[in-house]
């Protein structure tokens, strides 16, 4: 302090007055919501890595089958169940097919189904739950009873009916997948929205004459984003397994095409003798899941402006 | 299991514990797995291997097989009339576990219930050879007119429509066991066998407790006519539906027998087998698996015999059995090993019919067939209907798919039936092209297989129809000369499998079993009788 | 101020708002309140917390359906506004600044979106430029449009709320305790802003607060509420100088004064006795349990607003200790 | 409260009725019939006879009316696949095991899930947290039957029996041993979900002001966790448990199969498979009832835990 | 001379995504027995953080109490306390009344239990006795029918009543120090008056000291013995009530006093405001933190931090205007009138 004093001159005690502009300009550079979310996502190393991993998986699913020398349906029948070798790095399955090739072919189906299923039930669940929660009262009561009815009817019967009415194919597979899968999310969203309806900003929006659909989509849903993300990322494996179940009963993809779920189900039988047949598809599912979840966590944080500093 | 045997741990599985806790030297306990959960133990309705296994330990059939030979069971002797149409059985002095004597009427009652339309027994068709049976069963006849009578308490008379040389072999069916009429009156006619308490036990063992979905405990029946030769005190039948589970239980000593193991497991256990720690045994299990072509194919593909045969020949059965199924033996005929024609084993006498054509080129045949039906290769898409029983069925179809696609350059689609019911429904209505099914012997005679492919038979999923075949098989029914009979069968089989290729045989089933080395004198039956005969077994 | 001759902008007559509770009980949040607000004036509304100020304001705006009574806006009964277009127009004309600056802004919307929401709803032109203009009008920065509510202090948030209300060019604004949650220096900023806007845009305010000193400063007339009822209504200076109702007197005496000498000597009129409950209350003056002058009449007859002096209304049976 | 429950009961009855009706008509629309069950084909006359016995020859509306009539009398009909047993008997004998397995699994899943979730929240961004996320993900992405098989392989043996279930007269310790592995296998999926939700819920609660109040009283961290954090963070979990309870009860048929548990799960699958109409209806009714009841129970629990909700609930 | 509580050079930072928020920067203050110290200042200037630091309630992470900080209670540095000692200190020696009564009570715990918790923790007494004590406390804070109220939940209480419950909790172990963080901001004036009276009464009967945090100068005038004025994490002026109200020496203090509407002001006249916003504490300005908003700002203010200058005994200000050199150029009154413009 003393050292400072020395430098003080009378000049320095001249009045400069307020510099309002300066006091206001302690602002940080302002960027848009999406830019900011993206910036924050980039800062999250784990989420970024997960995203790269997922992109890698997708690229592999698209291209690997073209590059890899072994076809996914080629049966090297003499060497069934062979463990990993230099030639077949993930080994062969119980019909002597290359598991590495099959993992990527199966990934096409599983990733697509996982994503489509997640997106469809996300959309349906969110809209349904949103409407139910927003209107409350009798509407809510009836809508929730419908959910209960849907969950109550035996799934097998519904699925068989779907396959009869629509035939077997991707469309009916997705329909069967999503028929009840959205109900959990719908209930979750509804609960959240019932809470949010108490918020004053909803009242404010009503006072401004904001139409109902806008209140739901602009005010309510964004604020339930974190549960939605968690639930959705968590639901992906259940779609992957549901697909394998539906394929098993003949609704999904037809052999020799395959999926991770189907491979895992097959591998599970061989678990004690040929663990590699379960290991690789299970690993593919788990790692993808892990990546989805970590990315989901990152997204949730990135989209939460409260965490923005 | 615990009779001082070294391999067993003190704390067995919970289910065997109540009984097996005290490994006193006198205790004779055996633990066997149930692979499915039996729904009813009414002998009349015992229509699958699992139910047979249980029923035949606790009920006494007229005869019992021992080492492939017919031995007296509930009947101590029997004779047939000269025309072969009337069988007379003289019964043992047998008693039910509660001490009531077994009467001939009880056998009559059981058989009558088999035909009783109210009961709806799946096995009834097998016994249509009994006079008046079919009529009663289908509602066109009266109960009194069925040709099974009890002139006195110890005598049973059975009147047949035709002189079937193999009828005696059907006498170890659960449908020919005693069920007292007073237990099956009114409501009980339908509910008999749904709980352990309401049943009567005439066999070497009696059910002591039945926990549905879990286990059945059998106790020695002290009133059994041959009780002195029954050495086991207790048999625990433990439900274990997963193969892995059963294997682990066997290794832990919770099971004394493991049937139908696969080659992987055998390899794993080979050391123990070699060192005689466990006993390995193989037996023919007379059932065969085959591919059914829809001979009435609505698409007009498999109505052509050449195409059928091409498809049949295109399958590399050796590779299939060795690399995919890893058990059983390749089949080129219908009648499996373990089926006798009188004394001789049919399959050992008669060469597999398809072997004759083994060297024919399937592709050439296929092309000929195509020409006949006037289609080109590209026009053909074939759909394989697959049941969704388990992952193995899937594997099999994918193997066939690949084989056909590769060889014929056509598209083979796999269509999976949503469930059992759908599969049966689709097949029985003929709304499929190819599917995979099989048949297991009901009794130890080729007829049990051959009669299925008679024109219009209910169990003819291929809708196979060949008048020559019909003629041969029908003649064989009452042919008393065994040699001629065998020839007729051989000719018929050749028509079905080779000439007309109505179906494509895949495999004969062989069972590999592992047995606790201390278990002695058990029997493993092929056709008829309990799968595992424990009447004389004991633990060393 | 010669307000009487003019046509009132808002006319509230016998307004009632009851909230049904469990077991058939009702909470009478607003019970028979009547007053008028004239164009261009600020009417203050004070009273202790929970006395129904917010409810009153929201009912006037039609955010809560009224249980009884009528509200006329520019001579039209708002409960009769059935036409969608009319309703939208009404929602454009009247606005509210919410009490709680924290919960009244959607945390996931940028300030720009919050402000432009109303403009979009009413298809008002201007877009981005108008948002910036509004931000500057309320003393915020242009760049703030891209930020989120939580990045602002309470005072700034309150100003966002004000900008949101102003965006639709309303004529009448209910300011629901816009300053209670703020610290002194920011309170002053917000009040200045409101006054400036009134001057520039000719707005009419219903200014709700419980801090009498601020209300006095901004309002032309002030109403005092107690448990759902209006107990006193007078021009602000008049009310401050000559409070009549005992509750008003107590309220005024409790205002802390930022001067240690006065503070240490001043006496706060004690408000003792039973605080009544707005749930299923019967007739009688709601204040009687805490009023030292209460008589039998006070317990049985509900007092109505009487004009004691010109423009000064009081609802009390016992004025200045005399019956 | 009583009124609330009565009202819910009424809703439940209506919902159940709709489920029953829909199921009844839908199951009759799918192909296949109960006669084509076994490996052998029934003679047509016999099949006709059975059809008549089961009333399948009547028009569907008449059958529906009769079903409802019988249902109201408490008669669910006779199972086709287990002749001699009425659906009532099957349910009565099998439901306890399923319910027990389901409830034990939910409880174990909850306890473990909550514990993991709490630990993860308290040790946020440490290896504990990461391990918890990892566990959760493994928990959802590996199916329960794989876990069951692994558990059986690794722990099954003399202490934890490989198959079997509680029988009469078993002591508590023994019941524990018998049920441990199946319960654990069925619990893992739920555990994963609960731990994830619990983690964020605990974090939410920890950021509340009343935690500071509790600290300012001088309470130790343990006391704060027990008294203040737990109760408040469990409330959001409760609402996701309800569907899971029903899910575990219906979804445990694989586990029931692997461990030979005499539960109802088998019928849920097999009854459709064999077109055992009375059993389809019976299992549907029971599982739906369990689902709906668990939702109501959870609502009530929610109210018990959170006094604020209590008020709204009654309203 | 030793004070009951002495805070020396308190520095608290929060580590956030954006960087380190230096919320409290070198605060020093003291508190004597039976004294009321008021801390005033704009929102966000670090009042709550300071009080939380005194209670040891700064959550780490993200918070961090810097090493050089010292808080002496009865001569002992509590920042060096073990967990156990902290638990004994909190509640028993020092109790805190939090800012927001709506969120500071556990919504799912009965009010009685929340009060008893602290009592039972610090005083080894039976449940019965604790209950009795709780009822006494509730009576003391003027809650009618305490016996029934005990078993109710916070949401069944009005805001004022909740704040009283908070006070009861803070009082439950007769602490020597009561830290009251804006105890009345959420309340209306009548209730505010009651609560303030209550606090004063309790202080008298328990001989305790109060740290009162508020931005309501009226409240301060009525309650405080001494006042510390904070701005942007620093104490800018400190002195007795009269010093601050009658003889303020820091421009921020003038401005603060000036912003309150006073009865002399004409109806609807513009109120005096402090223009601008407080600095971002992630990068506090180089010189005096108030400089950008100060109408008397000099060049030196923008460059160098002012020092503590003692104006009279116990009256300290941190402002370059106190510098002898400034006094030469500026007249003190000038500065005041400039601020009041």
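Labels for the chains are A, B, C, D and E, by order of writing; each one numbers its residues from 1.
The definition used in the following text is that a contact is a pair of C-beta atoms (placed from the backbone, for glycine too) under 8 Å apart; a residue touches a chain by one contact, two chains touch by 3 or more.
Which protein is which chain? UniProt says A, D = ABC transporter permease; C = ATP-binding cassette domain-containing protein; E = ABC transporter ATP-binding protein.
These numbers were taken from a predicted model, which means no experiment stands behind them.
Chains that touch both chain B and chain D (ABC transporter permease) are the following: A. Using mean Cα coordinates as chain centres, the one most removed from chain C is B. Ranked by number of C-beta pairs in contact, the top chain pair is B-D.
Put simply, the C-alpha centre of chain C and that of chain E have 30 angstrom between them.
One finds 47 Å separating the Cα centroids of chain A (ABC transporter permease) and chain E. Mean C-alpha position of chain A (ABC transporter permease) lies 25 Å from that of chain D (ABC transporter permease).
Chain B and chain C have CA centres that are 89 Å apart.
Shared interface positions of chain C, i.e. residues touching 2 or more other chains, are not present. For chain E, the set of residues that touch two or more other chains comprises 277. Of all residues in chain D (ABC transporter permease), those touching 2 or more other chains are 30-31, 149, 153, 272-273, 311, listed in ascending order.
Residues of chain A (ABC transporter permease) touching chain B in their complex: 73, 75, 77-78, 80, 94-96, 156, 159-160, 163, 168, 247-251, 254-256, 265-266, 269, 271-273.
Residues 47-50, 153-156, 181-189, 191-192, 195-196, 210-214, 216-218, 220, 236-237, 240, 250-251, 254-260, 262-264, 268, 271 of chain C are the ones touching chain E in the complex. Those residues of chain E that touch chain C in the shared complex are 42-44, 158-160, 185, 187-194, 196-197, 215-222, 224, 241-242, 245-246, 255-257, 259-261, 263, 265, 267-274, 277. Considering their complex, residues 16-19, 275-277, 279-280, 283, 292-304, 307, 320, 323, 325-326, 328-330, 338 of chain E touch chain A (ABC transporter permease). By the touch criterion stated above, chain A (ABC transporter permease) contacts chain D (ABC transporter permease) in their complex at residues 141, 145, 148-149, 151-154, 156-158, 160-161, 164, 183-184, 187-188, 191, 226, 230, 234, 237-238, 240-241, 264, 268, 271-272, 278, 282, 285-286, 289-290, 293-294.
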